[in-house]
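One chain, chain A, links the two complexes that follow: it is found with chain B in the first and with chain C in the second.
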Partner chain A sequence: MFASIIASGLAAGAIYALVGVTYNTMFSTSRVMSFTAGQLAMLGGVFGSLFTLKLGMPVLAGFVLTLIGCAIIGIITEFVAVRPVLKSLDQHLYVLSTLALALMIQQVAAIKWGTEPQPFPRLIGLGNGVWDEKFWLPVLACAVTIIALEYLYRRTLVGRAFIAIAEDNFAARALGLPERGLRIASYALAGMVGGIAGYSGGELLLAFFANGALLNFYGFVPVALGGLGSNRGAVIGGLALGLFQQAANFLVGGIFSSVAVFALFIVVLLAKPQGLFGFSTARRV
Partner chain B sequence: MTAVAATVARNETTEWRAILLRLVPFALIAAAAMILPFVSNDYWALIGTRAAIYWVLVSGLNLIVGFAGHLAIGYVALLTLGAYTTSVLVAGNVMPEVPVFAALPIAGLVGAIFGVVVGLPALRLRTFYFAMSTRGFATIVAQIALAWQSVTGGGIGIAGPEFPAPFNTAWGFYYLCVAFAALCTWLSANVAHSRFGRALIAIRDAEVAAEATGISKPRMLIAIFLFAGALAAVAGGLFATLQTYITPDAFTFDLSVLFFIAILIGGRGSILGPMLGTIILTILPEVAAPLAAWSTFLYAVLLLVIVLAMPGGIAALLDFRNRRPLASNRAIVPRPAALADIVRKSAGEKSLSLRGLTLSFGNVRAIDNLDLDVKPGEIHGLIGPNGSGKTTTLNVISGYYVARAGTITLGEDVLAQGLPALRARHGIGRTFQTPRVIGEASVLQNVMIGGTIEGQATFIEALLALPRNRRDERMLTDKARALLGVVGLEALAEVRADRLQHSELRFIEIARALMLDPDFLLLDEPAAGLSNQEIERLAALIIAISRRGTGLLLVEHHADLIFDICDSVTVLNLGRILAAGTPAEIRTHKEVVSAYLGG
Partner chain C sequence: MNATQELISQAKVHAIWGPFNSGEALATTPIMARAKMPNIHPCVVESLIDTTKFPNAFRLAPSNNQWDDAVRNYCLNILKVKKVAVIGDTTGYGVTALGASVAAFKKDGAEVVYQANIDSTQPDMTPDMLRAKNAGAEVIVVWSVSTGMEARMFNTRAAMNWDVAFAGHPSMSSGEIAGLVEKPENWKKVYVIGYRSCSYDSSGKLPAKSQDLVDRLLKANVSVKDTLLWWIADGVDAIDLIAKAIEASGSTDGEGIIKYWNGLSKYPGYFGNFTFSPTQHNGYLTEEIVMSEASTARNGAFNLAPGYG
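Right, the complex of A and B next:
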């Protein structure tokens, strides 16, 4: 049982971490926390199942199309729900606009895809028991994504531009960085990260429209606890959350695990609103 | 004095007319609700009942979302809680059966407690975080309802409570729910139009200024979370009866979305708007039957359209008064003489003294060992180059920053550092460098906010519109109107504050601070952005205020204004005192002239 707690905990944790990274990627260039993060992961599962099982495409083609689909949804988020409200960031209209878009995505998925969980294709067919691919695929996907993002941010010009925008928007614009273009690119990137989360976790979570709301919350918990904008915090927080949740699941049952996660979330945030690895922000007066 | 009394009397009749005019739409809705049974069938009884029940919940939630501006998106959780509490109590499967009219208040009590539990994070968490935490709570309540089979019946469900005759028919129950809805409208309107409702809007739109007027955010929020939680749970009890049989499936997140969006479509800070929003959203899927499956999608589209295209909602559409153009050549003509009739003369001989005040931001010493005295009835100027620590000094006095060393004393009393909300009680008022005014409230309401702590009535008294609350309201309205006369803005009393010019906002802030009858008034660059003529009028006003015995600390860049009206002047440079003395001494002080005044 211990082994299966570890396996399923790490797998779920890796998915949460990737959703957390999705939040962070969108936040970095726009200062917006978007409700669509969880929906992107849900779509990763639904698109994967749609292209590979329903339409019978090869796994690789299905994967690429899933990523493209999610990137497009990410870009739509930027155009529809983020850009129009950026000017009034203080009024927090983005909470409402992204919530509206997330609900629209969820509702379309529920009606067009169906409200029942549907099977996700077996991608490689490797491993069984606790070494089944459905457990290690998300972990591998998470590791690869993080390494790729680190490479992007540290070694490439575009990545450095992302960081510049995230650190100081005004200074970056003064340097002539194309802020708008970079923001669109970061939303496309966030869409792909979310898509990877859903796709790699598809065998575990299935292609189910209600995953969006669930992952929205469980992906947000590591971000909130780890500190906004910190990918390291999201990964550590995500894995810890997954392990904690699965352990509670096996030992005392699912309800208590969700109550425990929620209580932990509230208590930590009340004690340290900026998260465990975050920095306190902003003068008020 | 007679002139003031005459304007008050005239204002009272126009106010009554305004109130009656505001009641007309509610009367129309009530009449429509009464007529409905005679013109339709049982199917519409169901829809009408549902709208009334939803409104019972939304009327409370409206105070949280529409007034206090907290994005509580998971309120279906409290509906669920109320529905199960009532059903379980009436069914008697845990303890002896309870009659339904006793079960409803108990559910309300449980709802009030959990309303605070759900709401508490709002005291520390910001927007998105709070929204997420309420949504998380909704998920958990649904899971518990499903899992706690011995009590809730799990997925099989439990029978809803039944009301005794005459409320056991479709129309009988309809009238009961409409009565509840009417009662809730009255209660929430009472809160909204009391100093508590204004304080909620102040917390939402100008939190810093709200603190400076002494409004305690935690107490305000807890009061409305109790109220909204209780209403939501009572709505849940009625909802369970309407459903006749409840399972966790009946309480989808879509319901939360409906409640939430009804308020936003209606418009923030309005009662009528969200009420119309609730009715429209309840009827919408019924009249467009093919769209029933898409109803949540439709709500979401509506939400997006509202946010992007008309953030004011229905209330803004109906606000004809504020679409009339304002006179473009209006001038602010203060009447400082009238001040004598309104603001009670400060009695105290206490001085406000700073001793050895030191504050650093990182490695920068913003204030370094600052001594300063403001005496009653004295105008003390605080000048210096940008970044010399003037505003920071005001912020330390107001309690927004905690100094690393040094003391602030008022007479004999040492003022605790931090705690900005306690400064108003010590008689210290202030204005801000950028006016912090509630754009969506009227000018009059903005000024009334300043007197929030002067009110005597408790939240319960305000809720029930008891005499003491009405007396508070009359006192605050009269005083605010009179003070608007003093600063010269009485003609604009009913106008939304965000339609005013910058200079007018500065005078609103002064009137708001005067509501407290402050012993000390801190003015942060009151002349910035004013024309020369307005500065002269401001000077006369400041002098009149000081004549009443109020000590003023004036941060300003207009050297002429400082030298004309101040009794003493302190010059700061890099957080330290460069010079202090009378205006005449400062004007000729060598270092001041070279560092700051130029010459």
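Right, the complex of A and C next:
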């Protein structure tokens, strides 16, 4: 039982963490909480199954096409649901616009892909029991993604430009950084991170349109717990959420495990509203 | 609900076949009753049929009580088990079906050692299967329409090296499960509600009327590989009944359609022989319900479960 809790808890937690990173990546260059993050992960599973299983492509080709597809959806999110509301961020219209787009994505997936879960192919074929690839693949994907993002942000010009836009939008524009182009690029990147979450978690979650809403919510919890904008917080929050959820599932049952998760969520936010790794910002009055 | 209201007020349909999920029907049945809309549906939850509250609603399938009776009889009298686990999903159907099933098992002297409603998106079924195993379950009765959840349970059973039987909802025999189980043998020892009209006899033959339907479907290139024949048969019967009601009554007036349906006695459909009356709108005969071996589908029909005949 303990081994099952660790294996499935870390796997689910890694997927939630990657969705949290998707939220953060979109937030960093636009100050917008885009509720399409979970749907991007859902599409990672759906596209992965479509390209790799239904169309019979090699795993690598299917993975690349999945990333491209999710990147395109990320860019569409920026154009359709984010750019029009950027001037009214204080009115929080992005909640409506991104949620509306998320629902549209979900319904199109339900109509075109189907409302029943579809199989996701076995990608590598390594491991069984608690060492099955459906448990270790999301964890590996999360680790590789975080390392790659750290390299991008710290060692590349584009990554530093993303950080500049996130820290001070006006100053970055004043220095001549192409804010709009960088924002589009970051939404494409966020789409790919979501796609990685869905593709690596496909064997666990299957290719199912209803995963979008589930991942939207459970991917948001690490962001809230870890602090908005903190990828480190999202990873730690996501893994902790996955482990806690699985432990509660084993101990009290599926329905009550959701109660346990939300109860913990409320307690943490009451104690630290800015999240475990977030910080309060002073405001001049 | 919006779609139902749209069909009634804007499309102004003359009769409605559906919905196909009890949770949805719980919401739409009162709307159709207010509009006196002739309605046939295959949803099984008991409360959907009430000739006083919903005189316009007719069930063209067994009720959940009939399903429950068949599964319980199979578990207690043919499999001869005493300790059962009952699992449902979290839809309106799953919650009501589980409650009714647990009560009926207890009334018949069985011990319900584990019961749970599980979210169909839950990725790992190990916790619930472990709890059922540790409680000593000798059969797992499933009331869910979620093929994903069911396939996960079959795979988890195999991973646990547990050979407990599953019994219950016909969705466990749906062709979609073939692609979701990790190995074909994970789908063995799964017994589901079936129907004589859609079952192969000991010589491997379907009843003549059912074979005729299968032949028509195959000739029209309609794939029955990943669905259930009874779903198709029930749909054909429903549309035929609407058409015949309009023909017999001479108009599309709802009152005439309902009056025709109320007068049916052993109407020979593809799915079954239906009988309705003004005080009985559950049209399917209990003796036509059987249990099937879930993984034996050919053209959406099944072999009878072991010990059943």
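We take it that the second predicted complex is superposed on the first by the 280 of 285 C-alpha atoms of A that agree within 3 Å, B and C clash if a C-alpha of one lies under 4 Å from a C-alpha of the other, contacts with A are read in each partner's own complex, and residues count from 1 in each chain.
Quick note on the criterion: contacts are C-beta pairs under 8 Å (C-beta built on N, C-alpha and C of every residue); 3 or more make two chains touch, one makes a residue touch a chain.
Values in this document were obtained by computation on a predicted structure and should not be read as measured data.
S.K.: Should the pairing of chain B and chain C on chain A count as a clash or a fit in the superposition?
M.R.: Aligned on chain A, chain C clashes with chain B.
S.K.: Between chain B (first) and chain C (second), which, if any, makes contact with A:255: first, second, both or neither?
M.R.: A:255 contacts both chain B and chain C.
S.K.: Go through the superposed model and pick first if A:178 touches only chain B, second if only chain C, both, or neither.
M.R.: Neither: A:178 stays clear of chain B and chain C.
S.K.: Could you look at A:58 and tell me whether it touches chain B, chain C, both or neither (first, second, both, neither)?
M.R.: In the superposed model, A:58 contacts neither chain B nor chain C.
S.K.: In the superposed arrangement, does A:246 touch chain B (first), chain C (second), both or neither?
M.R.: second
S.K.: Report for A:206: first if it touches chain B alone, second if chain C alone, otherwise both or neither.
M.R.: Once the two structures are laid over each other on A, A:206 reaches chain C alone.
S.K.: Which partner reaches more residues of chain A, chain B or chain C?
M.R.: The partner with more contacted residues on chain A is B.
S.K.: Now for A:104: first (chain B), second (chain C), both, or neither, which partner does it touch?
M.R.: Only chain B; A:104 stays clear of chain C.
S.K.: Select, from 25-33, 151-159 or 349-357, the region of chain B that bumps into chain C once both structures are placed on the shared chain.
M.R.: Stretch 151-159 of chain B has C-alpha atoms clashing with chain C.
S.K.: Could you tell me which stretches of chain A are touched by chain B in one complex and by chain C in the other?
M.R.: Shared contact residues on chain A: 214, 253-255, 258.
S.K.: Which positions of chain A touch chain B when the two form their complex?
M.R.: Checking each residue of chain A against chain B gives 33, 80-81, 84-85, 91-93, 95-97, 99-101, 103-104, 107-108, 111, 213-214, 216-217, 220, 224, 253-255, 258-259, 262, 265-266, 269-270, 273, 284-285.
S.K.: Taking the complex as given, what residues does chain B use to touch chain A?
M.R.: Result: residues 71, 73, 120-121, 124-129, 131-133, 135-137, 139-140, 143-144, 147-148, 207-208, 253, 257, 264, 293-294, 296-297, 299-301, 303-304, 307-308, 311, 395, 398, 400-401, 432 of chain B touch chain A.
S.K.: Which of the residues in chain C come into contact with chain A in the complex?
M.R.: 90, 116-124, 126-128, 130-131, 146-148, 151, 159, 176, 179-180
S.K.: For the complex, give me every residue of chain A touching chain C.
M.R.: Contact set of chain A toward chain C: 1, 4, 8, 12, 116-119, 129, 204-206, 208, 210-211, 214, 246, 249-250, 253-255, 258.
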